[in-house]
Amino acid sequence: MKTIKDPLHDHIAFDEFALELLDTPEMQRLRNVRQLGTAYLVYPSANHSRFEHSMGVYHLAVEALDNLDVDDTLRDEVRAAALVHDIGHTPFSHNVEEVVADHVGVEHDEVDDLLDGDVGRVLTRHGVEPDRVAELIQGEGKYGQLVSGELDVDRMDYLVRDAYHTGVPYGTIDNRRLVLELDYVDGELVLGEGNVQTAEALLIARALMHPTVYNHHVARISKAMLRRATRRLVESGVVSAEEIRRMDDHDFVVELRSHPETRETERRLSERRLYKQAVWLETHAVADDALERPARDVEEEVAERAGVDSGDVLVDVSSPPDMVESGARVVVDGEVRGLREESRLVEGLERMQGEQDRFGVYCPEDVVSDVEEAARSLYVDRSSAE
Amino acid sequence: MKTIKDPLHDHIAFDEFALELLDTPEMQRLRNVRQLGTAYLVYPSANHSRFEHSMGVYHLAVEALDNLDVDDTLRDEVRAAALVHDIGHTPFSHNVEEVVADHVGVEHDEVDDLLDGDVGRVLTRHGVEPDRVAELIQGEGKYGQLVSGELDVDRMDYLVRDAYHTGVPYGTIDNRRLVLELDYVDGELVLGEGNVQTAEALLIARALMHPTVYNHHVARISKAMLRRATRRLVESGVVSAEEIRRMDDHDFVVELRSHPETRETERRLSERRLYKQAVWLETHAVADDALERPARDVEEEVAERAGVDSGDVLVDVSSPPDMVESGARVVVDGEVRGLREESRLVEGLERMQGEQDRFGVYCPEDVVSDVEEAARSLYVDRSSAE
Amino acid sequence: MKTIKDPLHDHIAFDEFALELLDTPEMQRLRNVRQLGTAYLVYPSANHSRFEHSMGVYHLAVEALDNLDVDDTLRDEVRAAALVHDIGHTPFSHNVEEVVADHVGVEHDEVDDLLDGDVGRVLTRHGVEPDRVAELIQGEGKYGQLVSGELDVDRMDYLVRDAYHTGVPYGTIDNRRLVLELDYVDGELVLGEGNVQTAEALLIARALMHPTVYNHHVARISKAMLRRATRRLVESGVVSAEEIRRMDDHDFVVELRSHPETRETERRLSERRLYKQAVWLETHAVADDALERPARDVEEEVAERAGVDSGDVLVDVSSPPDMVESGARVVVDGEVRGLREESRLVEGLERMQGEQDRFGVYCPEDVVSDVEEAARSLYVDRSSAE
Amino acid sequence: MKTIKDPLHDHIAFDEFALELLDTPEMQRLRNVRQLGTAYLVYPSANHSRFEHSMGVYHLAVEALDNLDVDDTLRDEVRAAALVHDIGHTPFSHNVEEVVADHVGVEHDEVDDLLDGDVGRVLTRHGVEPDRVAELIQGEGKYGQLVSGELDVDRMDYLVRDAYHTGVPYGTIDNRRLVLELDYVDGELVLGEGNVQTAEALLIARALMHPTVYNHHVARISKAMLRRATRRLVESGVVSAEEIRRMDDHDFVVELRSHPETRETERRLSERRLYKQAVWLETHAVADDALERPARDVEEEVAERAGVDSGDVLVDVSSPPDMVESGARVVVDGEVRGLREESRLVEGLERMQGEQDRFGVYCPEDVVSDVEEAARSLYVDRSSAE
C-alpha cells in the first residue's frame, strides 16, 4: 500500500491496482483540469483539480465498501469506477462540457470510449470489466448509486473539497458519518436509522454552495464567455469537439489564444476583464420569448436593437439546479422513507433554489447602457406593459 | 493592549477597561460554568466555558463597532455589555437557569443587581453607566440589537464555538463577513446588500445545531435530571435559588452531592447512568392533557399508574426553538426587507424546527417497560382511540 | 460498534468491551479532571478533560494495532491499557499529583490498586488480566512501549489535543502517519523507513508546546499556588492524599474552598488574582543553595529577610523536561537507529529545553519589591559577587 | 473597500489602489503560475498559485503596517511592493527560474523592467515611484526588510499556505502574532519582547517544510527534468528566456509540448513517468569532482561510462537552504539580539539542514542499474578507496 497526502482525507492508501489506474495518462490529465473551471476568477484559491477530487472519491468509496458486504470483484469494480469517474471531463470541467457534449453527443459520465486505452487495459488485467465500470459511472444498478446517485461519494467529496479550496464555510458535511451509515435495504442505497439530519446537512451544503460558488454571478459571466469562445473554436473547424474533450486546461487555453476568433475572449478571461451584467433579472419578470428561444437568437435581437456587434452580447438563462439529494432514502423507525417525504426542510431548500433563476445579459463595459436599454425594451418593459 | 489567545478568533486584544472587567470575580466565575451544561455527556469535548465565549462575543462586538459610526461612550457601553452579557448565567448554563428563574424571578439576561459589585465599579470608574449596560444586555434600544437581537454577536460566537468544541460540522458561519456587513438603516440593525445568503447560513447553522447538540435527546434527559435535582435542592431549603445563581459548577455539583435529596441523581449524572426514554413521541400523537398540565402532575399520574416512585418519572415536553434570526433585516436592491419575506428557505427551516417537538418520559432503566406502558395507556392509546 | 464524536479524530468507534470500560465510574471521573490543570488561567479555552484525551489515545492505539500483527488477547490488553491509562490522575492532573505522590507513594501511572473496582471487573469479565494492563500502563514489556514510551500514542494525542484547545499552532504532528508507520523490529517499537522527519516533528511539537503551554510562566505560578494549597490541605489532616487522588476537580476545588488554610489561595486562583514574579532568573545566575535545598527552606529564608509571612513566598525551580522522544528508534537504510544518533536536530532541541531552566520566586503583588530584594540579596548578588 | 475570500486569511480587503494593481495583466498572469512548480506531482493538491499568495502577502503587510508608525506614502509603497513582489516569477516558479536567470541575467525579485507596463502606470498614477517599489522588493532599506528579509511577510504567508494546500501539518506558524509584534528599533526590523519562541517556530516551520515539500526527492527529480527541458528550449532558439519569463504555465507547457527537443520530457512530466534515482547519496560520500564540476560535464561522463544517451542522465547536487531567518532580531530583556545568538535551537536546525545535502543521479527506469553502476564506479567507489 502506498499513501498519498490529501488535505481533506489525510493519507489516502492505494494498492497496486489503484496505483496502476492512477498512473494512466487518462487519470494524469486530470491534474491539469481545474475542478471548478473559471471559479478561480471569483475565489482565487479555487485551483484544485479533478485529479485530487478523484482520489478523494476513491477514498470515500473504499470507506463505504469496508462497511458493506461485497465480494472482491464487486469491490474492485466500484472502487475503480469511483477513481476514474471523471476521466470524461473536458478542460475547465462543466464550463466547456456543454459545448463538447452538443457536438460529440456524450456527457462527461459517458466514458465507454475512453476505456479503450490504458485505463481499460489496467482494468482488464485486474479482472475488471471496463463496460461494467462505465455502467457504474453512469449510476446504473444497485452499486451505481454509490458512484452516481442521491447519496454518492462524488458529492460527499466535492462539497467539502470545494469549500476547503474556496475558503467558503458552507460545504462542511459529516462525510465520515455519511459513509459509515450507508447501507443497502431491498437493493436500495439508504442511510441507516437516525440520519435524517445527516442527509439534510448534505442538501444544505449543496444549497449553500450553489449560489455562493457554483452559480456565483461572476462565475456565470466567465462561464458564458468561455462557452461562447469554445463554440466559436469548434465551429471554426480548427479543432474538433472530440479533440477538446481529451485536452487538459493548458492545451485548451493555448488553443483559444492561438486563433483570431477566440483570442480576444481568452485574453479578457486571462486578464479578468470580464463582461458586465447589462441585465440580471428574476425570470418571472422577463417575457417568455427571451427565455424559451435559443440564446443565440436572443443575443442577435438584442445586439441589433442596441446597435452593437452580436459577438458582444451574451445571454444566460440559469435553470434551477436539480436537488437530486432530495431523493435520498433514509431509515426512520425501521422503515425506508424518502428524504423529501421525511424532511420538511427539503421543500424550503427547493424553493430557495427556485428563487435563484435569472435572466442575464452580459456585454463589454462600454456598451452596457445600450445593451441594457435594448434588452429591457425588448423583453421587460413589454412584459410589464402586458 | 494585551492579547489573549482564542482558538476561534486567534489573538483577541483587550485594552485596560476590558481587562479590568475581565478581572472581576463576576467574570472569572464564568471560567467554571460550562457553556453547554450537560452536553458533555453526549459530546465529551464540550467542556468550553461561558468565559471564553464572553471573550469571543467581545471580540466580534469590537469588530462590528469598528465598522459603525459610534462615539467613544457608546462604543464603551456596547463592548462592555458584550463582554459581561453572561454574568447572570447560573451553573450549567440553561440547564439550571429555568429553576432559578422560577424562584428568583429573573432570567439570565436580567443582570441589574449583578452590576452592583466589582463589574459595576469598573464600569462607573470608566464613565459607563451600569444601568445602560444592563439595558443593552436585554437588547433594548438601537444598539441593544447588536448584543441581543436577530443579528447579535452572541449567536455569531456561540454557533461556531459550540461546533468547534463538539466537533460537529454544522455551526460554521461566515462571522467575519456578518460582522463587516452590519449596518444601521433608520435606526435598525441590518445586513448590507448582497447578504441574504449570509443571513440564511446563520439560520441554517442554528437549525442544524439545535437537534444535533442543543436539543439532542440524551442531552435532554440529563438536563431534565439536573432540573429535577435543582428543584429539589431549592425546595429542601438547604440552599436558595439566589445562592445557586452565584455559584460556579464546582460549588453546585458538590452541593448536589452533599444532600440526600439530590445525591443519587448527581451520581447518576457524574457516572453517566442516565435515565432512559420510556416514551419519545411527536407531540401530535399525545393527548393534550399530557402536554398542557404541569409536568409534575403528569409525572405523578404516570408513576401511580406504573406503580413506581414518582421521583423515578421525568416528563419532558420540548417546545420548538424560536427562530429569532428569521426576523433579521437585510438590504435587497437598496431597501430593507425582513429575511422571512425575502427568503423562501426560512419557512422550510421553521417547519423543520416544528417537527422536533416531542413528548418524552424518562425513568431508570429497570422500570422502563412499566413506565412506558403506563404513559401510553394514559395519553397515547386513549388519544388514538378518540 | 457505537461511535462518539471527537473534534480531533472525528467519529471514534467503541465495541462492547471498550464501552463497558468507558462506563465505569473510574473513567467517568475523568470527565471532570481538566487535562491541563490550571493552564486555563493562561489559555481560557484549555478546559478539555482527561476523558476525551483517553478516548483519543484509545483510538490511536486501535489504529496502530490494526497495522501490527497481534492476537486478540494482546489487542484487548493494549487497547484497554490505552483507554484507562489515566485513571490514576489526581484532580487538576499534574498540578496536584506531585503532592499526592509524595504522600501516597504512587505516581499517576501506578494504578494497580485502582484496578480493583469496576474497571477491574470489566477487564476480568472480558478475559483481560488487570495486572497485565497495569504493567502496560507503566510501559513495561514489548507492547508497553506503545502505551508509554518514546513513541507512545499518549503523546500523539495530547500534543494535537492541547494545541487544538489552547489555540496554539505548535502541536501539530502527523499522527496518522506516525501510527501507520509504527512497527516492531527485534521486539523494539520503531518507525519504519523514511520517517526520521516524522519523528523529528514529534520532538519539535513537544519542544514548542513546553515553553508556550505546559511550562508557561503564569501557568507555573498558578501551579505553585495550587501545590502549596494541596500540601496544606493534606498536612492539615482534613482530607488524605488518598482521598484527593480519587476526587474530581469539583470535589477538590470545593474542599480547598472549605478550609481556612486553603480558602484564600483557592480564591486567588478562582478570581485569577495570582502571585507575581518577584524573581525569574536563569538558574546559572543563582547561588546553588537556592536551587538545591528544599523549596520550603528557601521560602522561609526569603520571607524572613523580606519581613513577610512565609506563607506569602513561593519558590519554584523548573527542571528541564526530559526529551524522552529523543530515544525513539527509526529505520534508516534498513537498520534500526536511535533518533538521537540519526538527527542532528535532537541536540539543538535538547539545548533549547535546557535554556528554559528558571529560578522563580512568587508572592502577592503588594510585597513584590520586598521579596525581590530579599531573594536577590540572598542568592543573586552574593552569587555574582563571588 | 472590496473584500476577496481567502482560505488562509478569510476576507482580505482591497482599496481602489490595490484593486487597480490586482487588475493588471502582470498580476493576473500569476493566477496561472503554480506557487510550488512541480510539487503537485508529489502533493496532488499543491495547485495554488502565485496570485493568491501575493494577496496573502499584501494582507500581512497591511496588518504589519497598521501597527507601525508610517506615513501614507511609505505605507502605499510597502503594500504595493508586497502585492506585486512576485511579478518577476517565471512559469512553474523556482523550477524554471534558474535557467531563465542564467540567460536573462535577472532573478525573480529584479523587476525594474516589469514596472514599465500597467503596474508602473497604476503606481505612478497613485503617486508611488516604481523604482522605490522595485527596491523594496529586493529588500533594500529599512522597510525593504518587511518585504524581503529575515522576518518578511512573504515567508509568513507561504509557509502556512503551502502547508494548507499540500496537507502537510508542518507549516503552521503564529503569523498573526508575528505581524503584531513587528517593530523597528534603531532602523532595524525586530520582534518585540517575549517572541524568541515565535521566531523559533518560524525557523522550525521552514526547516520542516524544506525536506518534506520544497526539497522532496521526487519534487527534485521533476524539477531537474523541467530544468533540463527549459534549457533545451532556450538553447534551441525557438523561444527566448525573456519570452519564457513573461509566460504563464499554460503557454510554457504547450511550448514544451510543441518542440521535438522537449516533447518527450514534458510528456513524462504530464503523465508522471518520472526518472528514477540511480544514485542518491550524502555529498560527503561522493568524490569532489562530481560535486564541483558543471552538472553537464558529470552527466556526459556518467552517460558515456554507462553507455546511454547523455540526454538520459540528470545530475542534481542539492545545496543546503540558507536559513535566512536565523538572522532575525528579537528584543530580549529590553535589548535587540540576534536570534542565532539567543536561541540554541538555531544551530540544531542549521545542522539538520546540512544533513540534507545530496548528490543525485536520475535516469529512465530501464537504465537505472547501468547508470548507477557508472556513477558509483566514477565517484563513489573511487572515493571510498581513497
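Order of writing sets the chain letters: A, B, C and D. Residues in each chain are counted from 1.
The working rule: contacts are C-beta pairs under 8 Å (C-beta built on N, C-alpha and C of every residue); 3 or more make two chains touch, one makes a residue touch a chain.
Values in this document were obtained by computation on a predicted structure and should not be read as measured data.
Asker: Can you name the chains that touch subunit A as well as subunit B?
Answerer: Correct list: C, D.
Asker: Name whichever of C-D and B-D has more C-beta pairs touching across its two chains.
Answerer: It is C-D, judged by the count of C-beta pairs in contact.
Asker: Could you put a whole-Å number on the gap between the CA centroids of subunit B and subunit D?
Answerer: Roughly 50 Å separates the two chain centres.
Asker: Express in whole angstrom the distance between the two chain centres, defined as the mean CA positions of subunit B and subunit C.
Answerer: Computed from C-alpha means, the inter-chain centre distance equals 34 Å.
Asker: Can you give the whole-Å distance between the Cα centres of subunit C and subunit D?
Answerer: That gives a centre separation of 40 Å.
Asker: What are the residue numbers in subunit A that touch two or more other chains?
Answerer: Only 10, 168 qualify.
Asker: What part of subunit B is in contact with subunit A in the complex they form?
Answerer: On the subunit B side, the touching residues are 168-170, 172-174, 197, 200-201, 204, 207-208, 211-212, 343-349, 351-352, 354-355.
Asker: Can you list the residues on subunit A that touch subunit D in the complex?
Answerer: 4-8, 10, 23, 25, 28-29, 31-32, 34, 40-41, 43-45, 47-49, 51-52, 55, 164-168, 248-251, 253-254, 257, 270-273
Asker: Considering the complex alone, what residue numbers of subunit A touch subunit C?
Answerer: So the residues of subunit A touching subunit C come out as 3, 10-11, 176-177, 180.
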